[in-house]
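Below, subunit A partners subunit B and then partners subunit C, in two separate complexes.
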Partner chain A sequence: MATRIHLRRTLPLLITLIAGVLIILDFFVSGLPVSSQSVPILSKWATIIWGFAMPYSVLTLVIDHLKIIKKQTPGRWYYSIWMLVLIALMLYQGFTEGTGGDLYTELFTYMAAPVLSTVSGMLGLYALAASFRVWHARTPEALTMIIAGYLVVLGIIAPIGEIIWPGFGPLANFFNDYVFKAERTVFYIGTSVSAILLGIRTLLGYETYYMRVED
Partner chain B sequence: MAIVPFWLQGRTASSIMTILLFLFTVYLTSQARKGKFKTHIRELPAYDAIEEGIGRATEMNRPVFWATGDKGTLFNELAPHVLTSFAGLRYISELCVKYGAKQIVCVGGTKGGGADLLPYVQAIIDEAYTAGGKPGETEGIVRYIASEGSAYGAGLQGTITRENPAAVMIIAPFGDNMIPPAEAAGRVGAISIGGGARYGGSMDHHYVAFCDYWMICDEYFTFGALLTHEPATEAGIAIGDYTKWVLIALTALGFLFLQLGMPFIKNFLSMG
Partner chain C sequence: MTESDGIWSKILNLDRRIITIVAVLLIVWPLVKPIGLPIVVNKYTYQVHDLIDSYPEDTVVFIDNAIGLGYFGAMGPAFIDVLTHMTSKNFKIVCFSGLTPEGPITFWKCWNAVPKELTDNYEYGIDYVYLGFMTGGESTMIKAAENLHDLFTYDYYGTPLKDIPLLENIGNYEDYDIVLYCTSSEDYRGMMYRIWGETFKTNLILLAQRAVVPVNMIDAGLIKGYVRGLRGAAEYELILKRPGAAIAQLDAVSMFFIWMLGIVAIGNIAFFMRKREAKAG
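And now, the complex of A and B:
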């Protein structure tokens, strides 16, 4: 039992370390036989793992929807039938004609694309609604954010800003080009450093909470 | 094939910094394990809100909702973000088992359809429920939604609207498609806790606008340290802070010396 737990803890960490070190080595010193030959193999393995995982995902999806149909869940079961029919149709087309087939292209262009565009269009409205909800100056920090927000709205987004005062445009552009860019750079550096360090800690086996195995 | 070292590939600065970070991590972690280095990580309201949200869900007999991000996979540059979100999922699942709250975990939407994440998510849930003495009670928890991003976002919104969760947790590398579930969380009256750290902070402001609690930028990566309170993990967070101070100093000094006509820091950093 102890050996099994030890293996379940150590083996993934060892694989992570070897694979990670090989990829880092290949990035910094190209042409080394040990890394330049093994990195393409590792990439192929990643594709193979994904190849196994994808049918598992589809199977999970199909089983979930079959359960909904079997239970005749009110308001849902007929949508599940429709989804299974579409999965079967797309799979058939994919296997027989590939993704370049006429029916496949038409299904995507006339059925999937409009629905996906509708969802994307809704995001803007949701974002607008959420922005108005947080438009309250509860703290001095929030007040500065709101002033900056108003400047951008009046100077860049809403044309009425330029009519009220022509200076809104240049002022908003100044904020956008310098102040916000500086803020984005701070975020970029902070996130990158933290992500790199998390990667290093994962490679060294210090960060194992996600794969904890109970004794 | 000829061997080309980093200094001939224009990667001198990044190589030196990576090696230094490796060495610094090993040194400070060993010091922390010996008890010679201690640090303090400030409290994060979003972290405390997780237990509060799960407690609320238990009292109201409503589920706890969690979703993988629509951007991260284990094969791209967002892999550290995915691992952090897995640590969060593990913690949330353990709390759900402890309090007896119903859990819904949605997967999908990433490059490759989120399929690569599904087995890991299932394994995390299985382990958490087995460790909590409830093996075999995981049926119906993990749901694969869709492979395409917008379809995934709409699916998450639909799931939240139908299942009426008391707590919605979207602590994962999301793009625009975190908006539909966050908006739905507000509509069903759920506590929403968001977290993400996409490079450039491109989506972090959405977490602030949409969610009740959030952890953004490098706060997101302190999640593992807050969960475990292990000295080694906490030391890792401190190393990040020290590195940022060094980078700030390099930037300030680089600017100063450049104005004085001595561009050696700029030249070093520009070596690729």
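And now, the complex of A and C:
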């Protein structure tokens, strides 16, 4: 039992601590043999782990959809078959001709591209209808949002704004250069300090969510 | 009269399909018959243009093209315009796609859209090279900055990197005069500032979709210029005096957003009038 706990908890924590300390040392102290030699290796490992994540996610996706097909889930199972066929087709193309193959390129250009563009366009139209329904100045905060939205559209996105009133552009730029900048600065400082604290907590073993180990 | 059958309630319950159909008509109209709305060029777009303009011939540009297919309409023209400017100055171009597997498709679409008179004298492997897609996120990007030859063994066509003349003397961030990051996503921007702007102090230019300019990053020197989506692309076309796809599409964008602002205003008036009627009644 104790060995199992060590394997599940202490070992990952130890790996995190060693890797984290080495990367911090490499960042702050230049020329330190331990860190300067080991950090490039760690970076390579990270790339390799990342490389494993992709096939793993494909595998879990295939398993999930095979379950749907096996259960014949109403309204879903035929889409799962279609998805598996496409995955197999793309994998076959990728392995035989690489990403420069004719069929691979054509599948992307004539199937994926129109579908993705349609989805983006549809989202725009849904946002349009939704903004009519819900974008009401019920509260001062909502009113601020509406004014900001008008300013962004008339001063930045659509040139017609500056035809209606030439001041929209400079006004939007003023808000961008000063108000937005101040907000972003506060945001960046806040998130950076939080990230540092989170990093320290993770290295010290207080944050264990990435291992799915609850205290 | 109940609250639900008044004129304001009817307006508030306007069929979504009517809103959508009017929007589609307003988008199509300027595409069929362009209005030619005047465009004011933003200072941030000028910064990008001036930076590129300040470099001599044979300047080496390293590009990460992360434009996804779904947003090609919004981001493609900006990339085409900047490529047009760079090729007009005979820059050497090294490109890869580090963050989206659709990168190879969008890169070649953009490259082929650059005016032929500019790319005709470009020879693959000598003046430009495309390395394809490489997964790995941040670690890949660091490796691209530290040693490109460690990251890639072959280019997009399977030619070994050692056999590509352009890459004989190009291998890390010190060799890239300008770094261009084109993206349709929000996800990796911070990483790009960190790696290219902060750690390696390169001249990073950002082509992105977001309307609001990251002024903090420009002031901090982490990015040297920003072209914002389709609007930025239209501005760039104006600076280059080469009217293209972006200027043509911007009229449609204007009409769509004017309709959006109009119906939001109508929705608000109806919302408050209905509320007032309900109180009075």
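Please note the rule applied: the second predicted complex is superposed on the first by the 150 of 215 C-alpha atoms of A that agree within 3 Å, B and C clash if a C-alpha of one lies under 4 Å from a C-alpha of the other, contacts with A are read in each partner's own complex, and residues count from 1 in each chain.
As a working rule, contacts are C-beta pairs under 8 Å (C-beta built on N, C-alpha and C of every residue); 3 or more make two chains touch, one makes a residue touch a chain.
Predicted, not measured: the structure shown is a model, and the values here were computed from it.
Trainee: May I ask you to decide whether A:I24 touches subunit B, subunit C, both, or neither, giving the answer as first, second, both or neither?
Mentor: first
Trainee: Looking at the overlay, does A:A129 come into contact with subunit B only (first), subunit C only (second), both, or neither?
Mentor: In the superposition, A:A129 contacts both subunit B and subunit C.
Trainee: State whether A:P140 touches subunit B only (first), subunit C only (second), both chains, or neither.
Mentor: It touches nothing on subunit B or subunit C.
Trainee: Just checking: does A:P74 make contact with subunit B only, subunit C only, both, or neither of them? Give me first, second, both or neither.
Mentor: neither
Trainee: Quick check for you: in the superposed arrangement, does A:R184 touch first (subunit B), second (subunit C), both or neither?
Mentor: Touch status of A:R184: both partners.
Trainee: Of the partners subunit B and subunit C, which touch A:W50 in the superposed model: first, second, both, neither?
Mentor: Both partners.
Trainee: Once the structures are superposed on A, label A:V119 by its partner contacts, choosing first (subunit B), second (subunit C), both or neither.
Mentor: Once the two structures are laid over each other on A, A:V119 reaches both partners.
Trainee: For A:Y206 in the superposed arrangement: first (subunit B), second (subunit C), both or neither?
Mentor: Only subunit B; A:Y206 stays clear of subunit C.
Trainee: From the superposed pair, tell me which subunit A residues show up as contacts to subunit B and also as contacts to subunit C.
Mentor: 46, 50, 54, 112, 116, 119-120, 129, 131, 133, 184, 188
Trainee: Can you name the residues of subunit B that touch subunit A in the complex?
Mentor: Those residues of subunit B that touch subunit A are 1-6, 9, 11, 15, 18, 21-22, 25-26, 29, 75, 77, 79-81, 83-84, 86-87, 89-91, 107-108, 112-116, 118-119, 124, 127, 130-131, 140, 142-145, 147-148, 150-151, 153-154, 162, 176-177, 179-180, 182-183, 186, 197-201, 204, 206, 208-210, 217-218, 220-221, 224, 227-228, 232-233, 236, 239-240, 243-244, 247.
Trainee: Would you pull the subunit C residues touching subunit A in the complex into a rising list?
Mentor: 12, 14, 16, 19-20, 23-24, 37-40, 42-43, 68-74, 101-102, 104-105, 132-133, 135-137, 139-140, 142-143, 156-158, 211-216, 219, 228, 231, 234, 250, 253-261, 263-264, 266-268, 271-272
Trainee: For the complex, give me every residue of subunit A touching subunit C.
Mentor: 43-44, 46-47, 50-51, 54, 98-100, 105, 108-109, 112-113, 116-117, 119-120, 124-125, 128-129, 131-133, 135-138, 146, 149-150, 152-154, 156-160, 162-163, 169, 173, 176-177, 180-181, 184-185, 188
Trainee: Mind pulling up the subunit A residues that touch subunit B in the complex?
Mentor: Contacts found on subunit A: 24, 27-33, 36, 46, 49-50, 53-54, 56-58, 60-61, 64, 76, 112, 115-116, 119-120, 122-123, 126-127, 129-131, 133-134, 183-184, 187-202, 204, 206-207, 209-210, 212-214.
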